[in-house]
Structure formats: structure tokens, C-alpha cells
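Next come two complexes, and both contain chain A; in the first it sits with chain B, in the second with chain C.
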Partner chain A sequence: MDKNYSLSSMMRTGAFRFNPVLVQCVALCPVVAATQNLKDAFFIALAVFAHILVSSFAASLMLRKVSRPVRVAVYLILGLLLICPVLWLIEFKTLINLSFTMRVFLPLVAINSATAVHCETFAVKNDVRTAVYDALAAGTGIGIVMIICGALREIIGSGSILGRTLNFKFTLPAMAMPAGCLVLLGFGAAALQAFTAKRTAEKPARKETSAQPEEIELEVDGDFEPEQVDLDLTIENDDEYAYLLSSVNELIDSFTNKDEEGDEE
Partner chain B sequence: MADARNGQTAKSTKIYGDYLLMLAAPCALSIWYYGAAALRTLAVCVLTAFVCDFVAGIIVNKQYYAADLSGICTGIIIAMMLPADVPVYIGMTAVSFAILAAKIPFGGGMRTPFVPAAAGFAFAAVCFKEQIFTYGSGRAFMKSVSLGSSLVSGNTVRLTASNFLDILTGNIYGPMGTTCVIAMLGCVVFLVIRRRQSLIPSAGFLGACLLVSLIFPRSEGSVISCAIMELCSGSLLFAAVFMLTNPATMPVHRANKVVYGVFTGIVCMTMRKLGAFEEPVCFAVLIANAFSPLLDMLTDRARIIVSTRQKAREVKANG
Partner chain C sequence: MKIISDLLITALYVVFVQNLVMCSGLGMSEAIRIAKRPGTFLKFAAMISGFSVVTSVICSLIGIYTHSAESYAVKAMIYGGVLTAVYAVTALIVHLITRDKELLGNLGISALNTLVFAVPYINNNAAYSLQNSIGLGLGAGAAFVLAAALIGSGSRALEKNRHIPPAFRGTPAMFLYVALISLGFTGFTGTALF
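== the complex of A and B ==
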């Protein structure tokens, strides 16, 4: 198996560096609408995790040769088959009291965009184990964001955690509303981007002291046409990836600086 | 890069310097009417704005420029829209949200897509509705009732010379610095001299508000009295002068500026009639801000399509 598709590497990239919610901006609806408190956030995260895992497994195992419209319908049916019985079990066979929001949004998890994106862009193009790893990473990434958002919104918005009052002098009910969650997600995305940028900038600098990674050759087919370039890149390991990313960032920065200077003129 | 930044700061200083000059009148009047309470609220908001700006600058690795007056301006605008005796933490929360969530993440100064003061006030209004719309101490001609709340309950005021003068001078219950009509008219005159173009959205906004209040009066008395009360109540005039004239958030094209103002006015009056808040002008401004770039984009596309068709026609005609 390819080294880049190891579980740890995929967890690092899928759950953190390219977090589905904070970077790819998918599954925003359940995060914003259904994570008003920690308990709801936990259940919704669990549902999303299970749905994405089962759908990715099925997509990779059985749906490769099926046309895309049929595949998307299958994801929906799979989601409903998975979530409706669980919802019924929770409501009628346990003592867990689900809120009204959860009763609305839990079945809607069956049509969340994260599942469709991950199944369509990854699972149907890769083997079962890789697809399951990707689903685990994506589900973990979404779950972590949901649980953090749920906890923060409950603490700041209602002054309680898991229903227990924390006796704050004042609370900010706006944070328990969807707008407040979007603000939190914005700050979360900024923090993640800053963290990733710092890590990416640090890696090539550390390499300078040891062995430099080999230069990556960009093979350009035919005459150089900036809009029609076919790049053939083979990235062997994480270090090469980081080096390439930092080079591209530098290139983009240089262009941006030129643009700004041009604007000024 | 440095020159560009200096250019931005100079532009920001010029525009927000004008705003600070204009804000001097409402500030002085609020201190005259409400005394130490107004001064305390004002000081808290300005200090919070300065601290948030400074700290956020450190966090995002951006040097703080004292000449960039946008933060201070935001602090004063929010203070003017609050009741004089509002608890300190409410002013601090509103200003912190304005600076940290609506200004700094977008680059600050002339780059903000939303008016930070409107965002801060809207956030505080959602969080502390009771405290924000309950007006306490000060001179008043109606006991504990602002013009906005009497309109909400469907009452109107019979306009006599004395109470009309009270409305003009701001001697009524309401936010501490937004009720004086004469001060607002003075600010409009200042803007006419300094930046005439920026008043286009305000004209559209006030025109739309006047029209809606004449067609759908909220009280059963005289339609004219009701329209005057609508225009003079709450922060409507204040928002027209200090929020809709913000060059960072208004559209570029002149026709779009009118549409932007009219849209804000219609949304504001609809929310006043049907919404849960006594003064929803900040929400209306934020909604209009969201559509402002779209208006310009649509206009630009329409212009490109028209010019392309014209060129195609010319080419066809020339053979």
C-alpha cells in the first residue's frame, strides 16, 4: 500500500489539515443548525460519522461501475436505512430525550454534503481500505468540530455544560444561534490555517540543516501555455509535499505582491 | 507594499477623521443630557475599541496605526446607539464583537464588507435585548417611553410646538446620542460639503422609510405625525448619516447606491413593523451590506454584455 495512504497520514491530512468543515466547507448545515449544545452535537457527530463510514465502504466496494446519479441516490437510501432505525431506537427504546432540533436534523444527516463529496471524489476511485481510512479521517474531523462547537456554544450561549449551570454573570445567547456558530467556525478556520501555515513554513527550514529534498521537476508537455499546462508531479513523501507547497505559496506571494504594486501604480 | 498601506491608512484617516468631527455634536449632546453616565459609556466603548484593535493587531502580526481612526470611530458610534445607563459589559461586548469579528478578520479600515458598528450593535441587541431597548435616566417629555416603543404599541404623539422642539433637540427617551435631529442635520450639511456622493444611499434610505411609513403607518393618529415619529425615532437618522455613508461598504456605481439605500429602508421598515426588535436598522444595514457587492457585480456584467453586443453589431454592420 502507498505510504501516503497510511491511517496516520490520512488522519493528519483528512481530519486536521484539510478538515471537511473548516477547510472544505462541507457539512456546514448540521454543524450550524444542530450543535446548540454538547449532547446534540455528540449525537449528530456520531450520526455523520456512521453515515460517511458506511457510505464510503459501500461506494468503494459496490458502486464503482454505477453511474453518478444512481450512486448519489444510493448514499441517500443508505443514510436513511442507517439513521431512521437508530432514531427510532433512541426515541422509543431508551431514556434519552432528544430535542426538537435533533428530531429535525438527525434524519437530514442522510443528505449531508460531506458524504457525497468524500464518496464521489475519493471512495469510488480507491480501494476499500483507503476509502474507509478516508471516511474515518473525515468523520473524525467533522465530529471534532461539531463537539467543540457544541461545547463552546453551550458554555458561552447558555452558561451551562451538559445541562449543568455554570453560574456565569452574563451569557451571550447570540452564540447559541446559527450566526454565532458561523462566527465560531470562522475563528476556528483562521486558527487552523495559521497553525497549518506555521507548520508548513517550519518544515522546509528544518530540512535546510539536514539533507535538502531533491528538486521536483515539472515536466511541461509541448509549448508552454500558462492556461494549458499538463503537470506531471510525483510526490514521494510528506517532506516533498511540504516543500512543494511552500514553493507554490512563495510563488503565489510573489505574484500577489506584484499585483498589489501594479494596483498602486 | 508599505506605500500602499500608508495610502490606505491616509484614506482611512481622512474618512474616519470626518466621522469623528461629525460625532462631536452627538457626543456633546449626550453628555449634556445624561451627564456622567453618558461619559462613562463613551469612555468604556472607546477604550475597548482601542484595546481590541491593539491586541488583534498583535495576534494577526499587523502593526497598529494610531492614525487609523476606524476602531475609535466604531466605539463612539456604538456608544451613541446605546442607552446612557447601560451596564459596562454590554458596551464592551458590542465593541469587542465589532472589532474582533467584523473588522479585523476582513482586513480592517476600508476593507470591511459589513459596517463593524452595525454588527456590534446587532450582536448586543440579540444578546441583551432588554437592557439595550430600555431607556432610563435623562430629561424626557414622555415618561419612560421612547418614540420607537410608542410606535410599537400603536400610539402616536400629537405634535405641538413644544414637543416638536423636544424631538428636534433630542430631549426625548432613546439611545443617548442618536435622537437629536438638529445634530444629524448638521452632520448632513458637513457631508454635503465634504463628501456629497456618500449621501446618495442615505437619501434613498430616508425616502424609502418615509414612503413606507406614509403608506403603512404603525399608529392610528395623523399619518404625518406617524411619519415624523418614524423618522425621528431610534437610530434611523443616525444610521443614515453614520452607517450608510460608509464608503467601504456602499456600492461603487451611483444607481446602485440608490438601490442600496432604498433596499435598506424597505428592509428596516418591514422589520420595524413585523420584527421582534424596536430598532432593527442595524440588521437592515447588515443585510444590505451583504448584497452590496452583488449589485456592483451584476451591473458590471450587464455593462460587459451590452458593450460586447454593441461591438458585435458594429462588426456585423462593417461586414
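== the complex of A and C ==
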């Protein structure tokens, strides 16, 4: 089948329009807890990017026939095998002085929800190229948010950037705390939402031709079991990718949520 | 008596004072996701507490017998290995007994998140005793549920509010609401906010 999408279009959709942090609410722990300054944010973003890329590649190439409970453990092991040797090298073989936060939170990247979500939703259901493109888009989206948050938190919270004092008359220490980062994420998500709404309004024709659920066959019901049902989650064009990203939360909920209807009843 | 009081004090501290989800951001993505499903709170509390207690106790014992490696990379490998092993054994038991795929899915979310993975680190850094470790593990599950309940109730109220500007509806409003709760919990810790 012809795959009617490109890296640039998937990047626009996956990294910006449906940003993993600002829209899908994944990878919040590393963003909120570990991006107190620009240097830490850069290292954490690099670790997340590498982890999601390697895990998606492995998931698409080797883990398709493995059951989900095993796959999610494999993502953690892959992350640890990727991050721990690097952390060990940094600790003992280089002069880079990692902060205490970094020493603790860098390994925690190995277990972040963005990797599990993107591997389970895209990588294991698509070919290697699609999985890698999606991982690049998601990793870039998360990395950009982390670096922006890290820079702003360091400037506003500590009155410095990359350790250099900026001589501000006052600083706001709360910005260096999780609450400060959540405020930034709130305004960032609002800006993205407003921008997307404006772009959509400017291009009504494009919106009309965007993918519709019934065309893509992504109907998910309470009994959704990807291992038993051959649900078509493969992506063939940009619109399908955008639609799938917009449905990520519902899809992930449906992975484990069979009793919601029962609760409501 | 002292053992029980130590256990309870640690558990209450990580739930109500330094809430692990709200003050540290641990397991926040999962808390936001679970917040939409109030009927599952107790199930997740039990599972997260169970995984946290077992993992932290095993890691504490390993730390005692190996005199705890100084390297954070080695610590991460040990803690991650223990967590994976605990999850694998639990999943295998569940698979053999019930073959319930929904429960297996929930086990994955409960075990493999940053909250459970961070508990052995907190034990190690705070030099907690065995009873403190158990208290921390139990408190982790309760802290998660408290955070999920607060986020869930707030999110439902925000969805009904028609005065929120369009750009802030949905996720942005939820982030700002969680920021306010987080700020409140951080205030309990006595840290200077301004």
C-alpha cells in the first residue's frame, strides 16, 4: 500500500498540533519534576528522545507478536539499558557535574508514559518507518516543551540562565517547583489550542477533507482487546495519523477500561 | 507501638503533607488518566501500594546486604530490575489464575510508573527504616488516589464551567487547576514560594 505521508507532515502533527505533553498529557513527570533549569531539561529531553526512538524501533521490529504485559516491561528494560550506562559514564568518566535531581530523574525516564503510549498505539501496529517517524515527532514535541519549560523556569525561578545570573530585581521560586511548571504548561497548552483553532478556521477546506472516524474504522468499544481483535490502527496518510493522535486518550483508556460502563450503571 | 507509629507517620506525610504526585510530579500522567475513572480508584490504590511496598522492601534488603552501591546508575539498574521482576511475577500469577486481560492491563499501569519506581530512591535518600519503607509504599498508593480524586472532581467542575475562555477549555484549564492544588500541597512543606 502507498504510504501518503512524510516526516515533515508527521512532525507538524505529532510534535506540534497534538503535542504529547500539551495535548495528550503524557511524560508529565519528567517535564514537571526534572526541568528546573535549562541544562537539566536538555539532558532529560535527550534521554526521552533516545528512549522513545529506540523503544518504538524495537517495538515495531520485534515486539509485535509479544503480549502487551510483556512489552511494557521490555520498554522499561530497554530504557534502563540505554540510560544507565550513559549515566554511569557521566558519573565516573566525565567531568560533567550532574545535579542530584538529574541523577534521580534520568533513570525515571526509562519508565515514562510517553514511550508506552506511542509504542502501544503506533509502533506495534505499524511498520518500522512509521514507528520511527512517530517517535521522532513525539520525542521532538516533548523535547521542545522540556527545553522551553527549563529555560523559563530557570529565568523566572532563579533569575539566571545556564547558571549565569541575570540580575533581576526579583525572582519567583515557585516557578522552579512542579506548580510553576504546570502553570507554564497550562498557558502553553492554551496558546497551542488557540493557534490550532485559528489555523483550522483559516483552512476550512482542509478541515472538511480531514479524516472522519467512519472512514478510518477506528471504532473502539468497551470490549476492545487489540490482542484478540484485529483492529486496524495502521496509518496510510497524514489525516489518519492526525485522527489517531486525536484519539490517543480514548484508545489508551480502552486498553484497560472495561468496567467504566458498569460503574456508571 | 513505635513501629506502627513510624509507619503511619510516614504514610500520612507522603499523602497529606508532601503528596508524592502533587509535590513531586511522580505518576502525574497516570493520575490524570485514572482521574476520569472514579470507580477504579481503590483498585489502583491497592495495586500501587502493593507494588511500592514489595519493591521498596526488597530494594531496602538488597541495600542492607550490598551496602548500597554509590552509583546512581547501579541503583537504577537494581531498582528497575526488582520492579520488573515483581511486576513479571505478579503478572504471571494473575495470568495463570484468572487470565483477566483487563486486570493485566491495570497491573502494567500500576507497577510501571514513575511513582512506584521512585519509592526505593526516596527510601534510600531519606535512609528510611523497614517500617518507614512500608509506610512510604502504602502512602504512595493513597497519595495517588488523593491526587486522582482531586484532579477528577476539579476536571468535572471545569467541564461544566461555560465562563472559561475557549483557548483555556479542556487540558489548559486542567493544568492550571492542578498547578493550584500542587501549590497548596507545596505550601504544606514549608518551602518558600515567593
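As a working rule, the second predicted complex is superposed on the first by the 199 of 265 C-alpha atoms of A that agree within 3 Å, B and C clash if a C-alpha of one lies under 4 Å from a C-alpha of the other, contacts with A are read in each partner's own complex, and residues count from 1 in each chain.
Methods note: a residue touches a chain if its C-beta (ideal position, glycine included) is under 8 Å from a C-beta of that chain, and two chains touch if they have at least 3 such contacts.
In this text the structure is predicted, and so the values were computed from the model without any measurement.
Asks: Check the residue A:104 against both partner chains and state whether it touches chain B (first), chain C (second), both, or neither.
Replies: After superposition on chain A, A:104 lies in contact with chain C alone.
Asks: Among the partners chain B and chain C, which is in contact with a greater number of residues of chain A?
Replies: Touching more of chain A: C.
Asks: Under the stated touch criterion, which partner chain does A:201 make contact with: chain B (first), chain C (second), both, or neither?
Replies: Neither: A:201 stays clear of chain B and chain C.
Asks: In the overlay, answer first, second, both or neither for which of chain B and chain C A:162 touches.
Replies: A:162 sits against neither chain B nor chain C.
Asks: Considering only the touch criterion stated at the top, classify A:186 as touching first (chain B), second (chain C), both, or neither.
Replies: So A:186 meets both chain B and chain C here.
Asks: Of the partners chain B and chain C, which touch A:22 in the superposed model: first, second, both, neither?
Replies: Only chain C; A:22 stays clear of chain B.
Asks: On the A-aligned overlay, A:173 touches which partner chain: chain B = first, chain C = second, or both, or neither?
Replies: both
Asks: Using the superposition on A, tell me which residues of chain A are in contact with chain B and, in the other complex, with chain C.
Replies: After superposing on chain A, chain A residues 172-174, 177, 179, 183, 186-187, 190, 257, 260, 263 contact both chain B and chain C.
Asks: Please output the residues of chain B touching chain A within their complex, sorted ascending.
Replies: Where chain B meets chain A, its residues are 1, 3-4, 7, 89, 93, 101, 105, 123, 126-128.
Asks: Can you name the residues of chain A that touch chain C in the complex?
Replies: Interface residues on the chain A side: 22-23, 25-33, 68-69, 72-73, 75-77, 80, 83-85, 87-88, 91-92, 103-104, 106-108, 110-113, 116, 172-174, 177-183, 185-187, 189-191, 193-194, 197, 225, 227, 249, 252-253, 255-260, 262-263.
Asks: For a test of understanding, state which residues of chain C touch chain A in their complex under the given definition.
Replies: The contact residues of chain C facing chain A are 22-30, 32-33, 36-40, 71-77, 79-81, 83-84, 87-88, 91, 95, 101-102, 104-109, 112-114, 117-118, 121, 125, 165-176, 178-180, 182-183, 186, 191-194.
Asks: In their complex, what parts of chain A are in touch with chain B?
Replies: Result: residues 169-174, 177, 179, 183, 186-187, 190, 257, 260-261, 263-264 of chain A touch chain B.
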